[in-house]
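Below: the structure, in structure tokens.
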Amino acid sequence: MPVFNDRQLAALNRAVISGRILPVLVLITAAIAVAGALFVELVSPNSFDSLGDALWWGAQTVTTIGYGDVVPATNGGRIVALFVMFVGAAAVSVVTAVITAVFISYQQRRMGPDAERHDELVSVLERIERRLEALESR
Amino acid sequence: MPVFNDRQLAALNRAVISGRILPVLVLITAAIAVAGALFVELVSPNSFDSLGDALWWGAQTVTTIGYGDVVPATNGGRIVALFVMFVGAAAVSVVTAVITAVFISYQQRRMGPDAERHDELVSVLERIERRLEALESR
Amino acid sequence: MPVFNDRQLAALNRAVISGRILPVLVLITAAIAVAGALFVELVSPNSFDSLGDALWWGAQTVTTIGYGDVVPATNGGRIVALFVMFVGAAAVSVVTAVITAVFISYQQRRMGPDAERHDELVSVLERIERRLEALESR
Amino acid sequence: MPVFNDRQLAALNRAVISGRILPVLVLITAAIAVAGALFVELVSPNSFDSLGDALWWGAQTVTTIGYGDVVPATNGGRIVALFVMFVGAAAVSVVTAVITAVFISYQQRRMGPDAERHDELVSVLERIERRLEALESR
């Protein structure tokens, strides 16, 4: 049932928290917008007056802006459109989540306190060790 | 006043950070869109020309795209619509939050440093213990 | 320059991570939508045909759905509208951020490992203390 | 390939987690909306009836509300519009991510447990040190 193995998940995670996945997400979303617009045009040829209108509809859909000046007019076209609309809403969510993960994981990695506290503990322990050494050598 | 007890909250939390809750959220949102569209049609029968128009309105509402080519036309229909609109905005928020939680909790669980630091402390402490043991056995 | 003092920030933080702030945010946003709609009607009386239209515009604006079947028609009305539009976009962002904070802070508070690791360190240290006690009492 | 060096990243991170970057983001987004609207008007002069219409389109685009009462009408205008639409969707994502980072990093910095646990460890270690000191002075 798991789609990815551990190594793939770790690689995916690195691509997320570094933000390197963002251009990939934007490209995939744009490709789905273009493909969806062409597919609506194919299924419902009277929906849009031109290829420009079809692509314009795709762009306003995946960005969830939805001017609505051009829309699919038949049930067939609308069923294809549903998929593009879902991808648009999902893409906005995923992109927001990736940017948040970039900010927070950066912050977590550089949050000094943990490292400082650890160093404090280690230095106290080293003092204790030196004391024990002194005791032993008596 | 708390809606869930501790065990239910923990189960909900696991469903969130694993992302397993996502298909559930999508299905609930889709169900509300369909039910809301049918209910607007019931309350305000002249709002939409067909069942297809009603469902098309539901889909563009819960995704917050809002083309506006078909909209409820009466106050009654609009009051029902308000609920679907609110659910749409909330669904986008919750889905974004879940995806963010998946990314960040994955990252937190695999952030090596904490485990490494802990092991370092434990190994220093073990050295100290061995020293004390040696002192005792003198 | 800081708007809140430390105690107020801590209280605000508790309201955020518990999610208790959500109904407050929804109510404030709804109040701004209603007030904004009435204000657009006041500034630009021909924008909407009825009070229902004005409130319908407010609702579709703060949820960022924007059907566009009713919109302010004058520059004055649009300037008032800008504020409601900004509040709508901001409200969606803040609500998403609050829900994310609820999920992640819950996860952080229950992430067992830290507590377990701490208990392990404390138990090792207690063993060391008992050893020292034994050495002392010799 | 990295766009920022470490010091710049740290400064950017502080501006993010303090929320101080928010007014900057809002201003940049507003500036792009205005510039984009003027540029659409330049490329496609028949798109909008007035400067007010152009700016109104820019505002409803960057907030992703998209009423659609005024839209660019030519392919040239739409290509310019694509950029403003992308910036709008991205701005909503980045603003949401920044607010989330403000909430979560505040929570992480004040999460008492870690500091308390650390203090507990240090106090146990100090007791051990005093014991060793006593042993030494015998």
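As written, the chains take the letters A, B, C and D, and residue 1 is the first residue of each chain.
What we mean here is this: a contact is a pair of C-beta atoms (placed from the backbone, for glycine too) under 8 Å apart; a residue touches a chain by one contact, two chains touch by 3 or more.
Computed from a predicted structure; not experimentally measured.
Judged by contacting C-beta pairs, the busier of the interfaces B-D and A-D is A-D.
Taken over every residue number at the interface, the positions common to chain A and chain B amount to under half, indicating a different-residue contact. Centre-to-centre spacing of chain B and chain D amounts to 21 Å, using the average Cα coordinate of each chain. Separating the CA-averaged centres of chain A and chain D is a span of 15 Å. Annotation for chain A: residues touching 2 or more other chains are 64-68, 92, 96, 100, 104, 108, 114, 121, 125, 128, 132, 135.
Chain contact summary for the complex, chain D toward chain C: residues 52, 56, 59-60, 63-69, 92, 95-96, 99-100, 102-104, 106-108, 110-111, 113-114, 117, 120-121, 124-125, 127-128, 131-132, 134-135.
The touching residues of chain C, when paired with chain A in their complex, are 65-68, 96, 100, 104. Those residues of chain B whose C-beta lies close enough to touch chain C in the complex are 9-10, 13, 16-17, 61, 64-68, 71, 75, 78, 82, 85-86, 88-90, 92-94, 96-98, 100-101, 104-105, 108-109, 114-115, 118, 121-122, 125-126, 128-129, 132-133, 135-136.
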